[in-house]
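This report concerns only the one structure given below.
We just call them A, B, C and D in the order they show up, numbering each chain from 1.
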Amino acid sequence: MDCASSRIPIICRDRVSRKALEYLDIVEKFVEEECIPADYAWSAQLDGASSRWEAHPTILNDLKDKARKLGLWNMFLPKAHFPTISAGFSNLEYGLMAEYLGKSVLASEATNCSAPDTGNMEVIARYGSAAQQNEWLEPLLEGRIRSAFLMTEPDVASSDASNMQMKIEKIGDEYVLNGSKWWSSGAGEPSCKIFLVMGRHFQNSKDPYKQHSVILVPANTPGVKIERMLSVMGFDDAPHGHGHITFSNVRVPVSNIVLGEGRGFEIIQGRLGPGRIHHAMRSIGAAEKALEWMLMRVNDPAKRTFGRQLSEHGVIIDWIARSRMEIDASRLVVLNAAIKIDELNAKGALREIAEAKVLVPTMTLTVIDRAMQSFGGAGLSQDTPLAAMWANARTLRIVDGPDEVHLQQMGRNENKRRESVTAKIKMQKAKAQALFMEHNLPASRGFLGNGMLKSML
Amino acid sequence: MDCASSRIPIICRDRVSRKALEYLDIVEKFVEEECIPADYAWSAQLDGASSRWEAHPTILNDLKDKARKLGLWNMFLPKAHFPTISAGFSNLEYGLMAEYLGKSVLASEATNCSAPDTGNMEVIARYGSAAQQNEWLEPLLEGRIRSAFLMTEPDVASSDASNMQMKIEKIGDEYVLNGSKWWSSGAGEPSCKIFLVMGRHFQNSKDPYKQHSVILVPANTPGVKIERMLSVMGFDDAPHGHGHITFSNVRVPVSNIVLGEGRGFEIIQGRLGPGRIHHAMRSIGAAEKALEWMLMRVNDPAKRTFGRQLSEHGVIIDWIARSRMEIDASRLVVLNAAIKIDELNAKGALREIAEAKVLVPTMTLTVIDRAMQSFGGAGLSQDTPLAAMWANARTLRIVDGPDEVHLQQMGRNENKRRESVTAKIKMQKAKAQALFMEHNLPASRGFLGNGMLKSML
Amino acid sequence: MDCASSRIPIICRDRVSRKALEYLDIVEKFVEEECIPADYAWSAQLDGASSRWEAHPTILNDLKDKARKLGLWNMFLPKAHFPTISAGFSNLEYGLMAEYLGKSVLASEATNCSAPDTGNMEVIARYGSAAQQNEWLEPLLEGRIRSAFLMTEPDVASSDASNMQMKIEKIGDEYVLNGSKWWSSGAGEPSCKIFLVMGRHFQNSKDPYKQHSVILVPANTPGVKIERMLSVMGFDDAPHGHGHITFSNVRVPVSNIVLGEGRGFEIIQGRLGPGRIHHAMRSIGAAEKALEWMLMRVNDPAKRTFGRQLSEHGVIIDWIARSRMEIDASRLVVLNAAIKIDELNAKGALREIAEAKVLVPTMTLTVIDRAMQSFGGAGLSQDTPLAAMWANARTLRIVDGPDEVHLQQMGRNENKRRESVTAKIKMQKAKAQALFMEHNLPASRGFLGNGMLKSML
Amino acid sequence: MDCASSRIPIICRDRVSRKALEYLDIVEKFVEEECIPADYAWSAQLDGASSRWEAHPTILNDLKDKARKLGLWNMFLPKAHFPTISAGFSNLEYGLMAEYLGKSVLASEATNCSAPDTGNMEVIARYGSAAQQNEWLEPLLEGRIRSAFLMTEPDVASSDASNMQMKIEKIGDEYVLNGSKWWSSGAGEPSCKIFLVMGRHFQNSKDPYKQHSVILVPANTPGVKIERMLSVMGFDDAPHGHGHITFSNVRVPVSNIVLGEGRGFEIIQGRLGPGRIHHAMRSIGAAEKALEWMLMRVNDPAKRTFGRQLSEHGVIIDWIARSRMEIDASRLVVLNAAIKIDELNAKGALREIAEAKVLVPTMTLTVIDRAMQSFGGAGLSQDTPLAAMWANARTLRIVDGPDEVHLQQMGRNENKRRESVTAKIKMQKAKAQALFMEHNLPASRGFLGNGMLKSML
């Protein structure tokens, strides 16, 4: 039967537990049959509301109730790293589910698996004090409140995170914060109650990666002001939104620090690995959805051109094939990274995660763009989910660091092999030289059927 | 330790037996330390010979002896499908080895794992009669003779294999063959003793895929004439070579037919699957080798430009990173296909094999091209293996069917989902419509924050 | 001095009149110093209005007044084709101006050079009756009213324009129209008073390109209903907008037909040529603007990463160079097409126009995408014009026919050379054969240093 | 009539003299009807010779005779810069001819317009002493001898030309040269009598571009040794060839210096401009030829696949269209650069030349690759000119500096606009701010329909 569990790539199928297989199919059914229809209704409720930002479409709560009944809740916490509070799935297993969640606007939140809460919950679960966990982790795990992670700043180039300037001063038994943050996703929601704020604690310490701290700041703390909401390619993403927020003498008790002073980078590095897997798999789900819409369109008998179905035009078939192939290849890259996180941890899977981070968004954008193009004007309009999906996928080439930063990092790591590969090739040439002598071959003879100079050897 | 077995992608590491891990490292060491140096000497022996086509560089025999002693022989026959004569490895395991074999000109032949013999041995082992196996399979398995597969023809578009015209007539107890073949790889070698020849047996049968047969034709049969050898981007590939061969009233006994009259397509479809995995993995090995040469070059202190190492230029680091990433992604695609062949068979892995077939050569060409470019002029010359590797990889976009044929086939297969995805999207719209009514939403409301027309629902 | 007239590519500089050079610099100054600042204020006026669709930002009228005083009005009407009403510029000269107009949201309309009015004015000027010209052309030329062109339909694949279904029936001395149109750009404006409507007049005539007519329909005709406005990648483009409009028994006098029954394709073919040049040049202006914003960003001293300006990273410099190069190449293609229209007409410049139509939008999207990426998150937000420019450029791969339709058309035209090139190559081979005989060369000798078979000759 | 003169892009047609139009058609006819057939025979003569490197195929001399009779000789010397010895054509006019010369292996040499002689003749004509011109320029202009330019060196990264190490010492009244050169194209020919050698004259002068000199060294000077010939992607390019040459105490009189000590860079900068136009236009001719072969193939009735001509497959038509479009765009870029050289000089056309240098080879490789792919295996073999053309075009991404060096240079030049564009955008924001105040708009209002923060203004 064709269902989510039957589509797991064979290369990792045997790593998925019977329970996960079962839940995977439940997730698919829930997404396709409940969440996607609800997406439309949610959008309509929001649009009809007097203010997009204060609206609370009820449709989402209905979905949450359904999800809980199905046992689809907090699947993102990997069992290996959070044995006590995990729903019992590995990163691989949740990754497979996240692909389906990514096909819907609402599915991730409906199952309490949506960013940035997932990463924030991981941070508090891993690094938070017991008091912090009691106050914030509990309601987050129950989906009663939401949270935001405030990192990127408008006044510096945040792609180099060590640039962050939000000032943290310890005054008495309080931390006082001053500065600006933006792209604070989720900050628009009335239910967003807690901000994890990264700021600069020290100016002069030598290691640029030991100057920042993460502080818990309740959203309603005096001095916190949401200046405006940012749009993404014209989409405001209400009521979730992406906030531009200023901090003016915002005061919190010193007990609100996470892990310790100057340990901010330690936290974000642990935080970002699994999150990138989730993003990437959701993005793959979006690509699959775009391909499905494209298949519908190019076979629509009402949309024949020049005497043929669109699907009978060779270029369209080529697009379909390439989309299939590129999606499949990308998925393997992400799942391989997920497994490496499962078996080692995010730090041990640095290369694999980076590969997924860079490959997937570009693939997704390409697939969605083909689908948009196959729809003609409708593909850019509100009549398909494609435009919004494209805008969303476009952000993934920037969030958590632009592609170029990851590529430079990957390239430098790969370049560390320079000495060993140079030594190997020199060894091979020396051995070849010995063979030349042994066989009385002229030294200037050579390579692959053509003369090879001494310099080669 | 950094060795071949340590580099297996984690996603499939647990599928590789202890024995295969051990042999994989032996293969790597054999290739890097014995075969690659021998490549240079072999080329020099060949170049110094009076005729490139009659030359028998002794260096290859030395390698074969070493390979046998190391137990590296016939690793390509998968244990699942050839339990009695297999060396005991799966397609996955041999695929991992083939990557390393692909780094050397000689390694595949030195271990009796070189095309087209591998595919030919599979054909005779799977479909040949006992007599055929005695006469041809034995000496092939022992590496005493070599073979060629004669399929492509100069006078038709062979990318559509049903076009093949080589005429097979049954006259008395003989088959009489007339016609032309080319790209008969390996036909140039004096040790090539047997041709597997595909020809047209029937003209009028309705099914175009039941008209052809495969006949065993000894290379020295009267009427067989090697007209010339073809070059590939200027390389003649001597003494292996790619023959253009004519058949004039070539007669063989009827017992030389394989499997039966009209069953040629059955044979080639079974033959091509694993072979594509081998090609693809060797091609990945070539890409890895190109990357190694590139790393050597861009860190060569003698080759600084504008005050910096080449590796300090951002664009070069970008190339290195992309190469790493693209190689890794492609490898996962091939290994996934190999496992599917192992668990099902080539037919069951049609999609996965096609994806590997199309993705890998383009990736390899891109990586080699970057390496060539980083070397400047030297990269195009005989001073690096890159030009020959590029020419070789370029053929893979054509052999066994050009990319475009595979893409059209893949696209049409994917397009078979049209009805189910259309039904699903319509179901989702209908459910959304029901939610609109339930929630008293105006029917023209819509999608993702913007108005959506009735036509959407 | 660096000004617009100094940047004209040398290849066509001598074709630009002294007057046009002078006006070109005036256009640049007007756009950069007046229009672009006004874009921001206009947007703010619109945003503050109670309804985006009924708003009339006064800022635009101020600009129109300035434009008229500068003599910048109706520059689009080419002197060769409209000697009496032209402002005196060629398509080349106006094309050069259009590049600068394309850098601003308002500049085209401020100079009465905005689509779809430009094309509509051309149609009425060229094909309209005197009465039609009196009633509609006059006020359009004066900028007192605006217009829309209703062609694309939601229920068919409009990329094949012969699919259009809007029904036109002649009943008495009236035409009665029924059907749906969408992407009716400009229909949202209160000042949009007249629609040029393309519909199907005949069902059974043999030539599919002689079945449609163009009818003038006043926007306030009973039965015309704007159902909704379409968004483009999330942008609604208010108050201009892209309308989805239904026609229910819409009646107009038979004198409202343009040119004659069944002559719709004649009209749109004449209409689209120059319009594509305008679009393309404006698009090039957008690309130049994106490059300017990128240059500003990557040299912003506040935005250093990893110890360097963004502009010191090699990949960024590579993007800048490629953007420069690709913009320059595209501009030449468009200007060459403009000149061909000037010297011949749109039909004579079919190939050149199609090349511009396909090349420019993809180039523009690439350049804008690089600029967005160099800005990080800000590049996708409302803080730069880039996102809106990207959305606008994306439509150009679809409007006036998707890229793929143009490419197929171009390809088929180019393929018409098949017989002449085949004959030429055969002639060359025959002559070579004669040389072989003359020089006593063996017939199988060959090509470029390698053996060439008889089949070659 | 369809002939070369009728195909000149309209944008520059009026710049071509009547005489040039006439000769352009003569060139085309000579190339298509005489040179291309002779290419095949020349190759056969060469192949049949006992040594490829000492062979003198007579066919070339026959062509030279024909060329002279047609008046096709030395067309490359631009009339503006060499009024006395020019054949009377501009760079634009010769560029148009060079496109056709580029379709044949022999045509350039047959008309005495082949590299590196063209550049060498320009150097001696422009910078040589009267004695040098008498001795070397005369016989070169008459085609009695050939020459080589020795610049690139094997032991340094020559893409940064200031790295060159060939040592020049003045000892008495002689210069003594020691070092290695490679990619010395043409050095393989027996008729190659004179080398222009660039070497390092000074070690410590501050300006790295004033340390090198160009010395005339007769090929038979003692101490000059051709070590070997380099191959390009497997092609040896005999008898022209690409030499690897060593200099051991090579002595020439001091009068053999060109222009003066330390003025080498002055010479090569003047030399490279027009040469790049020639290369680029010949490369475009190769692309046109590849497209012609492709058109022949995809319409060959013997090569139908899956029931259709190849040209009926949509992907093939797409390739044809893109090839047409990309060739046309590239040609405009080159012609624009040629005109700029004509009107200014090579230095004044730096940007335009660099754009041509980078754009054309990649375009040509793409077009040839599509043609190769459309031929299947034959496309890689000796049966079409495509493989040799590809190898030739591939070198153009490296010779005269790799693409990447040109792109970095272009990017840095473009980046010089940073201050002016930043100032302009700031001015626009300031003006917008003033409009906001004037119209009582809130300062935080914004851009393109969405809120825009103060930071924007």
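What we mean here is this: contacts are C-beta pairs under 8 Å (C-beta built on N, C-alpha and C of every residue); 3 or more make two chains touch, one makes a residue touch a chain.
Protein names from UniProt, one per chain: A, B, C, D = Acyl-CoA dehydrogenase family member 11.
Owing to the predicted nature of the structure, the values given are computational and were not obtained by experimental measurement.
Chemist: Looking at chain pairs B-C and A-C, which one is connected by more C-beta pairs in contact?
Modeler: Answer to which pair has more contacts is A-C.
Chemist: Can we say the copies subunit C and subunit D touch using the same residue numbers, with more than half in common, or are the two sides different?
Modeler: same
Chemist: Indicate the whole-number Å distance between the mean C-alpha point of subunit B and the mean C-alpha point of subunit C.
Modeler: Distance between chain centres, rounded to whole Å: 47 Å.
Chemist: Can you work out the whole-Å distance between the CA centroids of subunit A and subunit C?
Modeler: Taking the average C-alpha coordinate of subunit A and of subunit C, the gap between them is 37 Å.
Chemist: What parts of subunit B, by residue number, touch at least two of the other chains?
Modeler: Answer for subunit B, listing residues that touch two or more other chains: 154-155, 231, 234-236, 313-318, 382-383, 387-388, 404, 407-408, 449-451, 453, 455.
Chemist: Please give the residue numbers of subunit D that touch subunit A in the complex, ascending.
Modeler: 154-155, 227-229, 231, 234, 236, 244, 313-318, 444, 449-451, 453, 455
Chemist: Any idea which subunit C residues touch subunit D in the complex?
Modeler: 2, 9-12, 14-15, 32-33, 36-41, 43-48, 52, 58-59, 105, 235-236, 238, 291-293, 295-296, 298-300, 311, 314, 316-325, 328-330, 332-333, 335-336, 339-340, 343, 351-352, 354-355, 358-359, 382-385, 387-388, 404, 406-412, 414-415, 417-418, 420-422, 424-425, 427-429, 431-432, 434-436, 439, 441-442, 445-453, 455-457
Chemist: Using the touch definition up top, name the residues of subunit A that touch subunit C in the complex.
Modeler: 152, 154-160, 163, 182-183, 230-235, 242, 302-306, 310, 313, 315, 372-373, 376-383, 387-388, 390-391, 394-395, 397-399, 402-405, 407-408
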